[in-house]
């Protein structure tokens, strides 16, 4: 049984339909990336999975339907969403942001453990733990957003353009940590990215979305070698 | 206006003229009050319904108009009919002046500022420095006008016709104003003020004028009210008067001229019926209707009627 | 000089009550961006509930606590049932609903309890504390109660997970949902707390102005002025504003404009702050200009 499965997913903002029957699936423990140009519908796909837009079609998590449910209930099933724009609580401290990530968890003791672990991945956050989150740099806020997601101890983490606005060096660091998290803690990742090259290096599988439809799918290696993708998205 | 609408209007006016001869004195008086409230509601509607500026303190302009009339008649012997233009002019200026600082206030904050005005008004009216003009807490009593030129009309009937004439004039003016460019500008400012400004509508002038005209209408209603009730006193102009006006335009229909009449009928007659249950009942009913209408009939009675008629397959212009 | 000190101290006492109500107003504003015009009447209604209990023989403090609890529940219910459906409605619709609530609470209270004025007990002794002549024990007690409420609230928001969640939900509802916070219930909780605080304010003011369905009209106006002066989105500012407005009201009323025009102080403050400096002393809110 796939961890996450979307079937014929449509999504609309008001009267405008943005997704036209997107279907894909993810196995547990894998990293999948959704690629596409600006406006293709990648962010909308993630939002649709979390119930943040009006949808038609089915979404299943561990076999159970989650479409039509409230965002906060979907999150409580173990799906962390690192949104586009990071969604930081700017007026709260770094540590408060992190603790909020664990808000819905019942296992209080393990939360402290996870906090230490997250500080282990991102020592800079530990340094700034009492600082107001709005004063962190872009890269630090991205690390904070990812860490907040990890504090949920999720089974699945959705990341929306984690490389946005970050220098290549930091992106490399971040993606390295994402891979470590995936391998060590068996957190499945669904990563939406415009930076196709780095995403395809990280992921096991990939889907290409154009104007609200899946136009190509396969393993990351296959997609990397695809001519059309190489020309349009990888630049060579 | 379509021919059908014109016919309806003529019939209604004819019925209105026939009314005082068909019902008791007391009923005639009640309908006089309905007319007065409809002018007041039309005033509030111009500001809040058409132009989107929320006023929770319109009772203040009603009070100013009423006191103008009372003071002019009582202290200066001005005949009742001559006090109306004065009351109107004073309120036009007062409204415009209040509208100027109000330009900087968006929805909620304007509601708060006008709410503050409405709540503090009775205290302002009772202020002892003004007492020799306003009559202080006891207020001022004014005599009822008699029919002129020896017309064979009882005072209540004459009052009714006088009020009816003024009401018709005020409604005609408003209809003319709101139907044309001014009306469209007001609505444009209400719905999309940034776009309106970009299209060349001078928001500041229109909004302040809307305040002024709106105050003028409610002030003239207040003047008529003083003449009808023959009495002004500070405690009749508390926040609940402003709230009554709000009830009237919500029930009658925002941004609707005919809505002013439906609303006036509601606020005049519902308390009469409800009073029999309990003294507190009218307000409980007003409150429930306010909330109920927001959920169920946000366009008010006028809007509901409009939709019902449209659904019956006939065309109807915005009235 | 004595008279001045007396006015200032009495002003601090009423100021504490304004601060309580202003705090309630700010809480709801921060969470929902709405001004609760019905806050005063809700507080008044809660005070009447307390009166009923005390009259039935319950001790003051048990009645006090039970009233706070009932007020809390009332706030939660109103948010869930009446406010929730119009969360995204235009401003005018929301204002109309709040006015509707104001009117319903006022009239229902008048219906049940009639409009005759009643006395409401104070839990503090009748003799002035320490035999001094500046403040009655109730006035000192009211300030004390206000400070306790403010401290408890501060501790709740600063140190508890639920308080943190409420702050998060108010600041960024979408992100709050993404960490599993049930934002709707956070709003209801905020309303409950605001109603409870308002109830405390009502019970503190009733012994001074006597219990009557219209007792909170002026108080609400002062509370609005206080909230604006302090900054409509700043709870600490609301407390500061409350004490400031209380003192101003008393001092200006006694020495400058006379007691009759005291409400005008609130009116001038409200319009003045809105026009000159809408964010008050400590607020961050930007009132958009046309």
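Per-chain numbering from 1; labels A, B and C assigned in written order.
Rule of thumb we're sticking to: a contact is a pair of C-beta atoms (placed from the backbone, for glycine too) under 8 Å apart; a residue touches a chain by one contact, two chains touch by 3 or more.
As the structure is a computational prediction, the values presented were derived from the model and not from experiment.
The fewest steps needed to get from subunit A to subunit C, moving only between touching chains, is 1. Averaging Cα coordinates per chain and for the whole protein, the chain whose average falls nearest the overall one is C. Relative to the C-alpha centre of subunit C, the farthest chain centre belongs to A. Centroids of subunit A and subunit C (each the mean of its C-alpha atoms) stand 43 Å apart. Note on chain placement: the centre of subunit B and the centre of subunit C lie 33 Å apart, centres being C-alpha means. Centroids of subunit A and subunit B (each the mean of its C-alpha atoms) stand 57 Å apart. Taken together, the subunit C residues at the contact with subunit B in this complex read 33-35, 37, 82, 85-86, 89, 91-93, 95-97, 99-104, 106-108, 110-111, 115, 217-218, 220-221, 224-225, 228, 258, 260-264, 266-267, 270-271, 274-275, 278, 287-290. Note for the complex: subunit C touches subunit A at residues 161, 164-165, 167-168, 171-172, 174-183.
Within the complex formed with subunit C, the residues of subunit B that make contact are 48, 52, 54, 56, 101, 103-109, 111-113, 115-117, 119-120, 123-124, 126-128, 193, 197, 203-204, 207, 239-240, 243, 246, 250, 254, 278-284, 286-291, 293-295, 298. Interface residues of subunit A facing subunit C in the complex, by the touch rule stated above, are 50, 52, 70-72, 75-76, 80-81, 83, 87-92, 96, 99-101, 103-104, 148, 152.
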